[in-house]
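Below, chain A partners chain B and then partners chain C, in two separate complexes.
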Partner chain A sequence: MLKARLTKMWAYAGMGLVLGIVIFIFIYIFAKGAGSIDLEFLLESPRGAVLGMEGGIFPAIMGSLAFTLTAVVLGGIPAVATAVYIVFICKRSSFENIIRGVLQCIAGIPSIVLGLFAYSFLVRDLAIGRCILASSAALAVMIMPFIEARVEKSLREIPQQMLSSSYALGCSRGYTVFHIALPYVRQEIISALILGGCFAMGATPPLIFTGGVAFSGVPQTLLEPAMALPLHLYLLVAQGTPSLGAAYGTAFVMMAVILISNALATFYGRRRRWK
Partner chain B sequence: MEMILRLEKVSAYYGKKSALKEVSMSVPKKQITAIIGPSGCGKSTLLRCINSLLSEEKDASYTGDIFLGEKNTRDIEGDELRRRIGMVFQTPSPFPFSVYKNMTYAPKYNGVHSKKELDRIAVEKLKMTGLFDEVSAELDKSALKLSGGQQQRLCIARALTVDPEILMLDEPCSALDIKSSAIIEKMLAELKKTYTIIIVTHNLAQAKRIADRTVFMYDGHVIEEGPTDEIFGNPKKEETKDFLSGVFG
Partner chain C sequence: MGKKLNSAFLLIITVLTAMALLVLAFVIFFIVKEALPVLETAGLSELLTGSRWMPVDYGTSGGMAFGLFNFIAGSVAVSFLAIVISSVVGLGAAMYLSCAAGERTRAFVYPVIDLLAGIPSVVYGFVGIVVMLPLFLKAGVHTGSCVLAAGILLSAMLLPFLVSSCSDTMLRAKECYMPSAEAMGISKWYAMATIVLPASWRNILFSMILAVGRAMGETMAVMMVIGNANLFPNILGKGETIASVIALEMGTAVVGSAHYHALYMAGLILMIIVFFINMGIMLLRKHLLNRGGAGNA
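Coming up: the complex of A and B.
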C-alpha cells in the first residue's frame, strides 16, 4: 500500500517538476524577450558597435528558414524512402535489424561531429565552400533517423488487411505504397517533417564550420553562407551585456516558431484522414 | 468433376513455427468449397499459400506444390497469381476512398484507363454483388460511410474487378449481422455460376447451407474432405465428429 502510494507520489512529483521547469523556461524567455520584439527587430539587419545591439534579426530568420527547409528536403526524402523500405520491401528481419542499428548509430553521432564531417568532406574535399547546402547536409543526417522513426511507426499502423487487400488484387508493392500507404499516412509524414524541421532549426553545432556566419544579408542561393537564429543567439550572448536584450528577443522568436510548428504538427498528426 | 486447384503436401512456416503440415486437397471448379476447423488450425494460412500472399510476409514461407489448372503456381508471377485468385478478408477493408475509386483501383493498375470501360467494370461487378441499386446514387461517396455488410460486399465486388477465376473469402461474415450474412450467402450462390469459390467459415450452419464441398482442418492438417452432405452427415474421422458435435472449436 505504502509502496504503491510512494511510487505514485514520486511519479507525480517528477511530472510536476518537469512541467514546472518547462513552463518556467517559457515564461522566463517570453518575459525577458518580449521587450525587444518590434517590427524593426523582426525586419531589419543587426547593427551597432557591438553587432546586434541595435537593428534586428531578419537575415537570421531567413537564414534559419533556408537551413531548415533544405535540411528537411535533404533528410526527409531518404527518411521516408528508408521507412518504406523497412516496412514494405525488406523481407528479412535480420537485414531490417542491421538497418535499424545503423539508424541508431546515426542518431547517436554528436552533431558537432556531423558538422566537422560536412566541413572536411563537403566544404574542403568537394570544395563547395562554406554554404547553406553544406550545413543542411549535416543537419539532414542529424534529423534523418528522427523522421524515419516517426514515418516508420505510422506506416506500421496502417491496417494490415487494407494492404493485403491491395496485394490480393494483384497490385504490386510499389503501386500499393504510392496509392494506399503513403496517402494514408500523409499527415503523419507532414507532421514528422515539421518536427524534424524544429529539431534542425534549433541546432547550432552543424552550422558553425560549414555555412553559418556572424553577419550576412538574406541568402539568395544555397551556395552562400547565411546567418541562423541559434548561432546568432550564441554570438549575442557571447558578446555580453550590450547585446543580451537582443539575445532574449532572438530566443523568443525561436521559441515562438518552434511552439507554432509543434502545434501545427500536432494538429496535422491528429486530424483523421479521408473520412 | 473438374478440379481447378490442387494442393500437394503443402507445409507453411512462420519463422520456425509450422502452421500447415503436408496439406493435400483439391477444389472443384465453379462450386463452393468451405474450409472449417477450430481457430488457429491454419485456415487463413492455407488461403495465403494458395495466392502466395504468404511469401510477401516477413520470415514466412511454404513448401509443396499448388496447381492452378495444370500449372504449378510457383511458375506464375505472384501478382498474376493473385489477379487470378481473388481474396476477401475477415474485417471489411474498403480502401478509404470513394466507392467508385475502390472499384477502379485494380483495373487502373492493370492498364484500363478509358472512363467508359472503367464505368462498365464498376457497374457490372457492383450489380453482381447486389450493391449497385443501393449505392448507384452515391458512387462518389466515401466507401467508409457504407454499412458493414455493404462494405464487405464492396470488397467482394472489388475482388471481382480483375476477373479472377477463384474467389477466396476468409470468414467474410464473422463481423456482420445475420441479415447481411444472409445477403452475402445468397450472392455467393449466384456467383458460383461464374467463379470458383473457397470460403473459410466459423459458422457450421453456413457451410452446410452454401457449400458443395467441405474441408475440415485441425492443427495444420486436413483431416477430412468431401461433399458437404457426407462430411456433416457421415463424418469418418473422430476429430471431425468431435468438432461437428461441438466438443472443441
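Coming up: the complex of A and C.
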C-alpha cells in the first residue's frame, strides 16, 4: 500500500502548493500595494525626480483601457467570425485544416515577435507612427487565436438536436446561426472576450516598440502613443528602489482588474452541464 | 430575417474570416521576409551553432558575429526546467482534482487556478525580483539572477494549463476504469497509482510537450530574473533567452542592418520550434486516436 500512500501524499501536496502559490501572489501584492493606493495615486500623473516617486498612474490606467478595448474590437470580431465559419459554414476539411494551421502558427508566435512585426510594418513601412493603433493591432493578432479557440469550443458544445430541429423546421443556415447558435453561446462569447481582454491588458512585449511610452498624458485619439500599466510596472521596477512603492501600487491595480474580470468571466461562462 | 439578409450575414462571416486569414498569413510572411536577409551575412550553421554574438562591428578582432546558440539553449533550458517543476506539482494537483475532489470542489478550484493564467507576466517578473531573487542572493548566487529562478517563475505560469489538461485526461480514465477497480475492492489511491496514472500517461506527455511550446515564447518574466548574459545556461548561472534578446536589443538595432534581420531570424527560429511542437502533437494525437486505445479517447 506504499504506492497508494505516496500517490495520496503527492496529490495533496501538489494541490496545496498550487493553491498556496495563487493565494501567496495575490495576498503579497494586495498587502504590499494597498499602502500606495489612494485617490491621488489613481487619479494623477506620475511625477518626481525618479518618475513614479510621486503622483499616480492615471494616464497608464486610461492608456491600458484604450489598448485593451481597441485590441478586443480588432481581434474579437474576426475571431468570432472565424469560429462560426469553421463550425457552421466550412464544408471542406482541407480548407478547415489550412485555417487551423494558420491559427496554430499564429498562436505559436511569441508576443515579442508580434511587437516586432507591428513596429516594422505599421510604424515604419506604413508610417502611422508609434501609436495605440499599432500596438493594438499586435495585441489583436495575439488574442485572436485565444478567443477563437474558446468560441469554437462553445459552438461545438451546442446540443445537436437544437440545430437539427432548426434545420428541420426549414430555417436556413444563416438564420440558425444568427438566431439559435449565437444567442445560445452569448455568455461564453462575452466571457471569452473578457479573458482575451485580460490577456491583452497584461501583455508588455507588443507595446515596447510600437505605442507604449514611459510618460504621456491621457490619450485623446488612437493615433498617439500612450502609457500602459504593464509597461509602467516594468519601468518602475527597472528604476529600482525609489519607485518600488508605486510599482506595488501598479501591480495592485492590475491584479484587482484581473481578479474582477476573471470573476465576471467565470460567472458569465458557467454553463450548466448535464453529466 | 429575409433571405437576402441571411445570405448577407453568411457572406460577412466568410469575408471576415478570409480577411483574418489573409492578415495572419501576411504576418507570418512578413516575419520570414524580414528574417531571411541575415543569411547574406551569416550562414545558417553559424546562426544555429555559433555562440559569439557581436551584432555591431566595433572594430574588434573578428568583427560581427551572429551566433544564436546560447540563446536557443537558454530558451530550451528554461522551458525544460519549468516543465519538470510544473509537471511534478501540477500532476499532484490534477490527481487530487480528478480523484479526491467532488464536483463542487472542482467547480470552485478550477477558476482559482485559472487566475494564475490571468496574472500578467510582468507581475510574475516583479514578484520574482522582490521575493525570489533576494532568496537566491542569500543562498550565494551572484546578484540572484539565474536560470533556476526563471524556471521556477515560468513553472507557476504553466500550472493552469497543465493542471486542467491533465485532470481532464485523468477524469476520463477514472470514469473508464474506476467502477471495475472499486468492484474488485481496490482502494481509490492504489487504483490511481497503478491504473489511472499509467492509462493517462500518453496524454499527460502530450500536454507537457505543448506546455514547452508555450513556455518558449514567454518574454517578460523570464527576462526580468534570468540576468541576460550571453552564456551557456547553467542552472545557477545567468543566461539569456531568444525572446529576451529580441526585447532588449530591438530598440537599439538599426533598421535594415544585419543586427535587425538577425533579431527577426531569432524570432523566426522561435516561431518554427513552437510551430513544429504544436503541429507534431496534433498529428501524433490524430494518429493515435485513429488507432484507438482505451483511456486515451
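Following the convention adopted for this analysis, the second predicted complex is superposed on the first by the 263 of 275 C-alpha atoms of A that agree within 3 Å, B and C clash if a C-alpha of one lies under 4 Å from a C-alpha of the other, contacts with A are read in each partner's own complex, and residues count from 1 in each chain.
Keep this in mind: a contact is a pair of C-beta atoms (placed from the backbone, for glycine too) under 8 Å apart; a residue touches a chain by one contact, two chains touch by 3 or more.
This is a predicted model, so every value here is computed, not measured.
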item: First, second, both or neither for A:R92, with chain B first and chain C second; value: first
item: Partner chain in contact with A:L116 - chain B first, chain C second, else both or neither; value: second
item: Touched partner set for A:M254, first chain B, second chain C, both or neither; value: second
item: Contacts of A:G170 with chain B and chain C, given as first, second, both or neither; value: first
item: Which superposed partner A:H179 touches (first chain B, second chain C, both, neither); value: both
item: Which superposed partner A:Q104 touches (first chain B, second chain C, both, neither); value: second
item: Contacts of A:R47 with chain B and chain C, given as first, second, both or neither; value: neither
item: Chain touching more of chain A, residue-wise (chain B, chain C); value: C
item: Which superposed partner A:Q161 touches (first chain B, second chain C, both, neither); value: first
item: Footprint overlap on chain A, where chain B in one structure and chain C in the other make contact; value: 172-173, 175, 179
item: Contact set on chain A toward chain B in their complex; value: 90-93, 96, 159, 161-162, 164-173, 175, 179-180, 184, 273-275
item: Contacting residues of chain B [partner chain A, same complex]; value: 51, 53, 56-59, 79-84, 86-91, 93, 95-97, 105-106, 109-110, 142, 144, 155, 158-159, 161-162
item: Residues of chain C that touch chain A when the two form their complex; value: 1, 3, 5-7, 9-10, 12-14, 16-17, 19-21, 23-25, 27-28, 30-31, 34, 88-97, 99-100, 109, 111-116, 118-127, 129-131, 156, 159, 163, 187, 189-190, 192-194, 197, 213, 216-220, 224, 242-243, 246-247, 250-251, 255, 263-264, 267-268, 270-271, 274-275, 277-279, 282
item: Complex interface listing, chain A residues touching chain C; value: 1, 3-8, 10-15, 17-19, 21-22, 25-26, 28-29, 77-79, 81-82, 84-85, 89, 98-99, 101-114, 116-117, 119-121, 124, 141, 144, 172-175, 177-179, 195, 198-199, 201-205, 208-209, 230, 233-234, 237, 244, 247, 251, 254-255, 258-259, 261-263, 266
